[in-house]
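What follows is chain A paired twice: with chain B in the first complex and chain C in the second.
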Partner chain A sequence: MRRNLIATALLIMSSALLAQDMRIKVINQRGEPVAGAVVYVVTSLPADKQPTTAEPVIIDQINKEFVPHISAIAAGTAVKFPNRDNIRHHVYSFSPAKSFELPLYKDAPPAPVVFEKPGIVTLGCNIHDWMTSYIFVAPHRYFTVTGKDGSATMRDLPAQALEFEVWHPRQKEVATVTRQLVATGGMTLAFRIEEKTVLRPFRGQANSKNSY
Partner chain B sequence: MFSQHFWQFRSFARRLAVWMAVLLLLLLTGIYFAIENTLERNARSTLNQALEVTAATLTARLSDQRGVLLDKLRLLSADFAFKQVFADGDRDTLRSALENHRNRVHANVMQLIDLDGKVLVSTDPRDQENQKLPDHWLLTRASEHEFGEAAGFVFVHQELVQYVVSPFFTPQHSAWVVMGIRLDAAFIETLRTQTHSEVTVFWQNTERVRIAGRLPENPQEEAQLLTDGDITLGDARLPTLGGRHYLHMPVLLESQPQGKATAVLLRSFDEAMTPFYRLRNVLLALCCGSLLLAVLASSVLARRVTNPVRRLGESAQALAKGEYLPVQGVNQQDELGTLATQFNHMLHGLQERDAVRGLLGKVVSTAVAEELLKSPPILGGELRTITVMFTDIRNFTRLSEQFPATTVIEFLNAYLSEMSSCIDAECGVVDKYIGDAIMALFGAPLPNHKHTENAVRAALAMQQVLAALQQTFTTRGWPALHTGIGIHTGEAVVGNMGSAQRLNYTAIGDTVNLASRLEGLCKYYGWPVLVSDAVVQATPQFAYLELDRVRVQGRAQPVGVFAALTPQQQTMLHADAQTQDFEQAVQAWRRGDIEQVPSLLSAIHEGSPLATVAALYRVRCQVFTEQGMPDHWQGVYDYDSK
Partner chain C sequence: MHKDRAVWLPALLLVVALPQVQAAEWSEWLVNGRYQHFYTENIGKTSFDEVVRSENIHELRFELGRVLQVTDSARLRILADLRHQSHRRFDQLDRTDPGLSLGLRNKSGLGPSAWWQELLLSYQEISPDDPLREGHQQSFGLAVGRRFSERFDGVLSWSRVSRDGGTGEPRAVDLTRPTDVFDQSADVLRLQWNTVLSENWLMAASLSRQHGDFDSQCPNSGVTQVVATVNPAALSLDVNVFGSCIYRTDGNIDVLDLEWVWNISHHISASLLLRHQDGGGPELGYHNKAAQLEVSYQF
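Showing the complex of A and B:
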C-alpha cells in the first residue's frame, strides 16, 4: 500500500559557504538523519561540464555483507568487487541498468564491472540471500551520498537553476527540488523524505562459525 | 388434580400400598435424576474435552501445514534460476517453474503476484493473469509482516484454500510468491478418523457454503451449527428417537471482511449417553419390579394387620349384639396376636360374668345380684330402717292337694311371677320364696327413702293384678287364689348371712317377724292387706281402716293393725254406714265395754267386707263374757299362737 507523500525541501541561506558548494541534509518523517541517501542533480548539463571517469570504485564483501550498502557512481565508472571473506560469493544483478554475474569466487578478484547506463542496480549474492547492495549510477558527477549524520556536501555546482532529487531504497517517493544557485553565497539543501519498510531477506544466526 | 377423596382410603391395605408406591417412586425418581445428572455432566465434560482435543488437533495440523507450506515456498523464492527467469520476464517459463515446484511439494496452486497485487503467473487456469486480485488482504498482511510472510484461508473458485505468501527477492523485493492447498473432504476425513469427531467446514459471507463435512445431512439444519448451545439434528421433538443430539464447538479458521471460515466440531451426545440409556432401561425395569414388590409386600403386610383387626372387629360387633364370638385364626406372635388372645380372654371373662349374672338374677333378686356383682359380698350386715312384706296364699296346702303337682307348679309360678313383677315395679326386692309365700324387702339392699310407700303401693297393685289373674285362672280351670299380705316398717338387720361359702342377702329382726305375723292375721280379719300402725304413720296418703290393737306372740309391744284399702274398697266403705258402727264397736272394745260391742256390730251382715272382722269381735266378746275380762285390760288383744 502506498500513499503519496509530499517531500518538502527547505532551502536555507548560508553566507558561510561558497556559491558552487551545496550542503545537503536529509531527514526522515520522524526528523531523524537519513544515511545513504543519494542526492543528485536532475537538470541536464552540457557534456563538458560532466565529470570524466575516475579510478575504479570498490564495493567490498566483508563478513557476508556488501560494503557499502549504498553507493553512487557516475555512469561509465568501473566497480571492483573484492571478496574479503574466506568463503566464496556469487555476485549478481538482474537490474535493467546493469545485469551481470560474477560466479563463485574468493581470492582472485574478477575484472572490474563498468556501469555505463545510468540507473539503479541492485546487487545480490546467490549464496547468501540477505546480501544486497545498491549502486546509484548517475549520468554526471553531480551527486552525493549522505553520511551517518544524514548530511553531505555537493561541490563545484554550476551557478544556474538546478533541479535536485533524492533517492533512497526505503523512500516512498522521489523528492524533487529546484533551486537557483548564485555565486554570492553558499546554501544548504534539506530534504525530508518519508521512509517505508522495505522487505529484506532475513539473516539468521549461524549455527557454526564459518559455514553460514 | 386429585379430589380430596382420593387420599381418604377406606382400606388400610390400599393406603399402605399407595404410600409405599409413592415413596418408592419419589426415591427412585430422585435416584434416576441424580444418575442422569451425573452421567450427563460427565458425558458433557468428556465430549467437551474430546472437542477441545479435536480443535487442538485441527489447529495444530493447519499450523503445521502452514509452516511446511511456507518452508516450501521460501525454497522457491530463493531459487536463483527462478530469479533469473523472473528478471527475463519469461512468463511461460515462470509458469512452468511454478507448476514444477507445485508438483514437487504437492501443493494445489502457486501464484506469482506483483507488488501492486496483480497476478503475474498462476498455475490455476481459472485465475486471471494480469488482473489484480479482488481480495488482496493476505498481501497486505504479508507486507505488514516483519519478513513479508503471511498465511490465511481464502475462498476462491468455490474452494477454501489455505494460502501462504512470501516475498520474492531479486535480490530486492520484486513480487510475492503464493502457494495454496485446499481444505477439502480428504483433509476433514483424516481429522475425523484421528479424533472421532465430526467436522464440518463453512465459508460465510453473504451466503453460507459448506466446504466439507458430513453433518448435517439436511442442509436446512446448517444454521444450527453456527449457534451456541447444544444442537439437535433430525427430529428435534424426539431427540432420543428421530433426532440426534450433538455437542458442538465452532473453531474460527479465518475472519476477514470478505468472509469467515469456520470449522464446526461435533460429538454425538446420544452416543456418549448410550451407557446411561442402557442403565435407564435397567433402572426402569428395577423401578417397575421394586414397585410391584413394594405393593405386594405392603399388601401382604397390611393383610397381616387388617385380617386380625377385621376379625377383632367382627367379634367386637358380635359382642355388641350380645354374642360371644371368639377371634379365630389369629395365630401371630406380635402385638395383634397378643391383642386377639387378650380379647378372647376378655370375651371368656364376660361370658362367665354374664352367665353368673343371669343365674344370679334368677336365684336372687336383680337388685341383689347387681349389688353382689358390684362389690364382693361380705359376710355381715347393718341396721337399717326398711319395710318388709310377706304374702301368702290362703289355703294353699288344701289347693295343692286338689290338683296334680305339675299344675300346682304351673299356677304357682304364674302367680309368683305376677306378684314378683308388682314388687319389682315398686323397687322392692324379693328376698325369698317360701313355698307359696314371698318375703320382700323395700329399702334394701338399695337405700330408698320411699320404701314404705312403695311397699303399700305394691300390695295394692298386687290386689289389682290378682283380680285380673283370677280370670285367667278360671278359664284354665285353675282355682281362685286369695292372698294375705302383711307389711311392717322398722329397723332390721340387713346383709349377707350364712357361711363364708354360702350366704344369703336377707333381713332379720323384729320388723321381719311382725310383718310375717301381720300376714298371718289376715285370715282372722278377712282383709287381704294388713299393715302396722308404723306403716300408717309413714304413709298417711293412703286410706286405712283401723281393725285392732294386738300383741303378737314373742313381742311385748302392742301393734295397731290396719287394713290398707284399695280405691274400690275405700268407696265401698265410705258408702257403708256400718263402717261407723264398726269403728264405735272397736272403741267400745278397747274401753272394755264389751256388752255394747255386739249391738254395735249387729247391723253388719253377712256379705259385708266387715263381716269377718265383726264376727271375730262377737266371738271375742262372747269368750270374755264367759271367761271374764283379762286383768289390766288396755284394749290390746293377745295372740298366743302364730
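Showing the complex of A and C:
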C-alpha cells in the first residue's frame, strides 16, 4: 500500500467538530463523492493509543452480492460471513494478506475468519463469479470508510502529526496527505482520487456468455 | 436417428442419479424471457441468386429451469423452454415449440479464472406448418472455457447436432433419391472469445465450423446442376414454403459472429449480433449475412 502521491488534499478548519475528530471527504476526478473509500492513519502509533479490539465484523451475502462491498477492519479482527440467501455460496480469497476458503454453505459458516495480517483482501464466491468484496485490514484502529456522500469521521485521534492515506479498489494510486492535528478544533481532510474502471464478470443475461 | 435418441438415456440417468449425491442440493431457479428480432439475407442457404430470399423473424422465448449443485465444483442446469417464432414473409415456418436442455458443468479450481468443463444436451421440437420440416432437433456437446484475465475469456466447444425431419408429401423430384431433406446430422466446432469492454459492455466474437449435413434451396431449373455437382443425399420439392426445390448434402458451414452485449442491469441485457456465413463447397457454395437484436430478462 505504498504511495505515489497524486491526490490534492485540502485542509479546512472547522470549529464545529471536536478537537481530535477528523472529518473526511473523498471525491473523484469529476468532483463526485466516492463511497467506500478507506481513509487510514499511516503514522505508526504506540499500542496504548490504540482502541481495544472490536466485536466481530459481519459481511453478508444478500441477493448474490457481498454486503458491504468494501469493509475496513483492524488486524486481528474476526469477520463473520453469514449467507442470507436461500442458496449456498462458496467464499474464498487468494490475497496474500489472507488466503482462505469457506466451501459451500448456507446460513452461517462454522466459525468467523480472523484477519491477522494488514493488507487488502479480495473476496469472491466460487459459484457466482461476479460476487466480489474487499476488506482493508489496517495495522491499527485509526481508519474510517466513507459513506454514500463520500464523507466520514475519524474519531479520537491522538493530537500529533499524522499521515493519512486513502484507498479504494477503483483508485489508480494511493493518495497520501500529512497533517498536524491541533487541540483547539476539528479538521476536514479532502482527498481527490483518480478512479479507474474495475471489471468483473457480468451478472444478468450477459453473464451466460462468460461465467461458470 | 434412433441412435441419437440413445443420448437421452444417460441424460435421464444423470437427472435421476445426481440429486442422490450426498452433497447435492437444488439451488437457483432460472426464469428467463427473451425477445429476438433476427434478419437473414439468405434464409434458404441457396447458391442460386434467383431463389435467394431474405426474412425477418421475431422470436419470443420463455425459459424455466433449476440448478442442481452436485458438488462444490459441479452444477447441473436443467432448462425447459417454450419459443414462438413468427416469420414476416414465410409464415408457414411460424412455430411454437418446447425444448429442453441440460448442462453439467464442472469447475477445476477456485476463482473466476479456473478452467471449467461442460457436458451439454439439448432437445427442441420443430413444428412449422410443413410436413417436410416437422420433427425435432437434438444435440450433444462438450465445452471447455476459462477467464484469462479480468477482460478476456474464451470457450472452445464441440457439439453433434442431429435433426429428424419429416419426409413431406410424396412429391419427389428424383424418384431414386429420398426426400427426407431435414434428416441431418453435423458436428460443430466453435471457438468463442469474449472481451469485457467496460463495466456494462461485452463483445463476443466466435468462429465456428459445422461439418456434416445441411439443406439448401435450389430453383427447379437448377436441379440438374445440383445433382451433377453435389450428388445430394436427399431431394424434394419445397412446395409449402419456398416453392422451389430443396436438397440435403454435406459440407462445411463457417460462421463468424460478432456480438455486443449491453448489461443494462442485474436482470436485463440487450445485444446486437452480426453474422457472416459461408457454406457448401467450391462448386455450389452459399453466402449469408444475418443480424440479431435481443432483449432478455433474467430473474
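In this text, the second predicted complex is superposed on the first by the 198 of 212 C-alpha atoms of A that agree within 3 Å, B and C clash if a C-alpha of one lies under 4 Å from a C-alpha of the other, contacts with A are read in each partner's own complex, and residues count from 1 in each chain.
Simple rule for what comes next: a contact is a pair of C-beta atoms (placed from the backbone, for glycine too) under 8 Å apart; a residue touches a chain by one contact, two chains touch by 3 or more.
Given the structure is predicted, the values throughout are model-derived calculations rather than measurements.
Engineer: Could you look at A:I87 and tell me whether it touches chain B, chain C, both or neither (first, second, both, neither)?
Structural biologist: The answer is second: A:I87 touches chain C but not chain B.
Engineer: Between chain B (first) and chain C (second), which, if any, makes contact with A:H69: first, second, both or neither?
Structural biologist: After superposition on chain A, A:H69 lies in contact with neither partner.
Engineer: For A:P103, select first, second, both or neither according to whether it touches chain B, chain C, the two together, or no partner.
Structural biologist: After superposing on A, A:P103 lies in contact with chain C but is clear of chain B.
Engineer: With both complexes superposed on chain A, which partner does A:R23 reach: first (chain B), second (chain C), both or neither?
Structural biologist: The answer is neither, since A:R23 touches no partner chain.
Engineer: Residues of chain A touched: more by chain B or chain C?
Structural biologist: Touched residues of chain A are more numerous for C.
Engineer: Of the partners chain B and chain C, which touch A:R170 in the superposed model: first, second, both, neither?
Structural biologist: After superposing on A, A:R170 lies clear of both chain B and chain C.
Engineer: Please write out, lowest number first, the residues of chain A touched by both chain B and chain C across the two complexes.
Structural biologist: Correct list for chain A: 92, 94, 124, 126, 129, 198-202.
Engineer: Chain A touches which residues of chain B in the complex?
Structural biologist: 78, 80, 83-84, 86-87, 140, 143, 147-148, 167, 169-173
Engineer: Across the complex, what residues on chain C touch chain A?
Structural biologist: 23, 25, 27-28, 32, 34, 69, 72-73, 75, 105, 107, 110-112, 114, 116, 145, 147, 150-151, 153, 155, 192, 194, 196, 198-199, 202, 204, 261-269, 271, 296-298
Engineer: Using the touch definition from the top, list the residues of chain A that touch chain C in their complex.
Structural biologist: 87-88, 90, 92, 94, 101, 103-104, 124, 126-127, 129, 197-212
Engineer: In the complex formed with chain B, which residues of chain A make contact?
Structural biologist: Touch residues, chain A against chain B: 1, 92, 94, 99, 122-126, 129, 131-132, 169, 198-202.
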